[in-house]
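Please find the structures below.
Each of the next two complexes has subunit A plus one more chain, namely subunit B in the first and subunit C in the second.
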Partner chain A sequence: MKLVLFLSELLTVASAFVVALHPNVLYASIFLLFTFLGVAVMFVFAGADFIAGAQVVVYVGGVTILILFAIMLTQWLYQMRLRDVGNKLVVPIAVIGLGLVPFLYKGLHQLADFVSKAPPPNLAAFSGSPKTTAIGEALLSSYLLPFEGITILLLGALVGAVWLARPK
Partner chain B sequence: MNSAAFAHTLQSWFGVGPLWAWAALSAFLVIFLLALPFGGIATYVERKVAADIQDRVGPNRVGPYGILQFLADGVKMLAKEDFMPAGADRFLFNLAPVLVVVGACSAFAALPLGKYLVGADLNIGIFYILAVTTLIAPGILLGSWASQNKWSLLGGLRGAAQIVSYEIPVALSILPAVLISGTLQIGLIVEQQGWAWSAEGLQQYHFWNGFHNPFTFIAMFLLFIGGLAETNRIPFDLPEAESELVSGFNTEFSGMRFGLYALAEFCDVFVMSAVVTALYLGGWHIPFVNIEGLGVTLPQGLVVLIQFGVFLVKTLILVFVVMWLRWTLPRLRVDQLMGLCWKGLTPLALLNLLGTALWMWIFKGQSLAQLIYGAFA
Partner chain C sequence: MSLIDWATGLHGYLFIGAMLFVLGIIGILSRKNAIGILLGIELVLNAAGINFVAFSKYRTAMVEGQVVTLFIILIAAAEAAVALAIILRFYRLKQTIDAGEANLLRN
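What follows is the complex of A and B.
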């Protein structure tokens, strides 16, 4: 099981590197798909099965397709080489990334401290219990206002899309 | 015996290896013993059905009634030249059929083939099937793009747009069944559709979800129609459309790569039919009979076999309907296809969802049959 988790982490990170560094924007978007899949597997290991499913449905089935469509329907975009831009940015990116390592280390350390001090959770009961019930109840009780806010936002986006695509 | 129990059994038989390895093996077994042979035999059956409808003989050379035709086809596909068009994108050309097959085959893991025969009875079973089958759309799109062929690309763009659009009515038509059962776990959804007489009369179980109330009856058909579009079958096979796009998204694919596409299509048809069966047609339940409540204790192996047989019969009837439609209906135009999805199926599916929710609230979850029975009892 550890091995599968490790492989999914490797998939996520390696694909993320390809996304960031590949000169062809189409390849970058395809490897984004693998990053999303790797993250979904990690959600499964965190016991969040519903989130993992939603991750695949929304990001692989929706966002990736949308990006691919945008690339394929934009003329000459998929033949554009992005390497020049990438080379110029490698040094600043590396500097910023290395500069962030201490903060990341500290944050992870604090998180590990917090986890080790917390009472041990009942993992067996947790991974077997249906999380969808809890998610549904939370969405319709304590998080009702944000939930409704998002629905209004999405409705606005939908109406906007129809307005943009209307026959002139 | 669900996946965990099955894995435990395997582990205890052989006494070696970690549990997850045996769980993975049992999932592989489902795919190799069910998905792949089904995909092969379905190509033969489809040709025979086509021949029957068109008053021809169909394949009849290899083996009795040509039944071994699919093996001959498989050998032919493996032996064919590994052809790739000049200018094709090598990596994507190889990747695309694999994505499609992975999407179609991994759905088999969560299909409820019987009460004790589920690859993995997940908490989010039906949602898992929806999720993994979304891998098919990028597969089709990438394969068509990698071919460097305008017909392929047109087919691929159509395919992806069609699958993404029809996911909405399909998901909305799955929800009424989930509303009735109160769970996403596909095994539990099927289990609640039993109908059995006992000493106290009718049990509280209701009949198949498809006949629960008028709204679910419509939802069942919407799910089937949306599923046809998602699997690119006639009357929604615009991504292939031989008459205008040569062979659509798979024009440049030959040999085993084409074989993978064909296999994935048939697996997808099976998964779609199995989902309709499980959600709305009672899954492994025999109508009006509860084989575990007969008062006779049948050996578990026999129960597993009977339930598997019942599930398979229901699913294969739907698969036959899919093939029957293929040789009966003409193909829709692109604008008709999108119009049907957004102006027809989606509003109807939303209405169904609302109707089922109101029904569950007003009648306290009782089905139409239970209400009629209650009025006379």
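What follows is the complex of A and C.
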């Protein structure tokens, strides 16, 4: 089981490299799909089954398809100019950025120790149990106001998106 | 096997989150294509979600972090829809999606 998680982490990082650095945006967005799938597997192993399902439905089924649709609509049909215009800063930005990874990881590590040094006692029970009931109860009790706010935000965003993309 | 043990615990999740965050920032900074910038933003948001889920398992064993991750996913979906609508609008206006061409407000 650990090997499956390890391989999906490798898949996530490798395809994230392609997403960040490939000059062709079409390939980058297709590899974004594999990144999202790898992150969904990581969510499953972290005991977040409902979040993994939401990740697959919203990201893989929605956002990636939307991005591919936009790429096809803006570039493919009219001109085959899919490549990103050459940016000379790619290599220095990538070197500096990847050099910052250990510091960021170190900071997160210290944050983990700041929250608590010991893992919680009921770790195995947390991983094994389904979370849909708990998430639903949390959404409709202590997180009711953010939940309603998200619904208004989604409504406004979708109406605004339709209004922005309207024909002249 | 110790590498696999390290990578499948809390620190593996934190490291993957840091990698995705930095790669997303690299994608945002190094691209001129507006859709490429959007891809970088999605990576950064997913990195934040990984951190919330990892801390909710390994430090609290409660479901609150997963609720926040759910909110992040929903906000990312709304953001992608609006951003792509803006990109389509911009393409209709300028026949390009080069973010460097978005200078209408500069004059």
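Going forward, the second predicted complex is superposed on the first by the 125 of 168 C-alpha atoms of A that agree within 3 Å, B and C clash if a C-alpha of one lies under 4 Å from a C-alpha of the other, contacts with A are read in each partner's own complex, and residues count from 1 in each chain.
In the analysis below, a contact is a pair of C-beta atoms (placed from the backbone, for glycine too) under 8 Å apart; a residue touches a chain by one contact, two chains touch by 3 or more.
These figures come from a predicted structure and were not determined experimentally.
Set against each other, subunit B and subunit C differ in how many residues of subunit A they touch, and the higher count belongs to C. Of the two partner chains, subunit B is the only one that A:56 touches; subunit C does not reach it. In the superposition on chain A, A:72 makes contact with subunit B only, while subunit C stays out of contact range. Of the two partner chains, both subunit B and subunit C are touched by A:131. The contact surfaces that subunit B and subunit C form on subunit A in the two complexes overlap at residues 50, 54, 62, 69, 131.
Residues 4-5, 7-8, 10-27, 29-33, 35-36, 38-40, 42-43, 46, 49-51, 53-61, 63-64, 66-67, 69-71, 73-82, 84-89, 91-92, 95, 97-98 of subunit C are the ones touching subunit A in the complex. Those residues of subunit A lying in contact with subunit B across their complex are 1, 4, 26-27, 30, 33, 49-50, 52-54, 56-57, 60-62, 64-65, 68-69, 72, 130-132. The touching residues of subunit B, when paired with subunit A in their complex, are 18, 20, 91-92, 95, 122-124, 127-128, 130-132, 134-135, 137-138, 141-142, 145, 153, 157, 160-161, 164, 167, 183-185. Interface residues of subunit A, counted against subunit C in their complex, comprise 2-3, 5-6, 9, 12-13, 16-17, 19-21, 25, 28-29, 32, 35-36, 39, 42-43, 45-48, 50-51, 54-55, 58-59, 62-63, 66-67, 69-71, 73-75, 78, 84-85, 87, 89-90, 93-94, 97-98, 100-101, 104-105, 108-109, 112, 115-116, 119-123, 125-127, 131, 134-135, 138-139, 143, 146, 150, 153-154, 157-158, 160-162, 164-165, 168.
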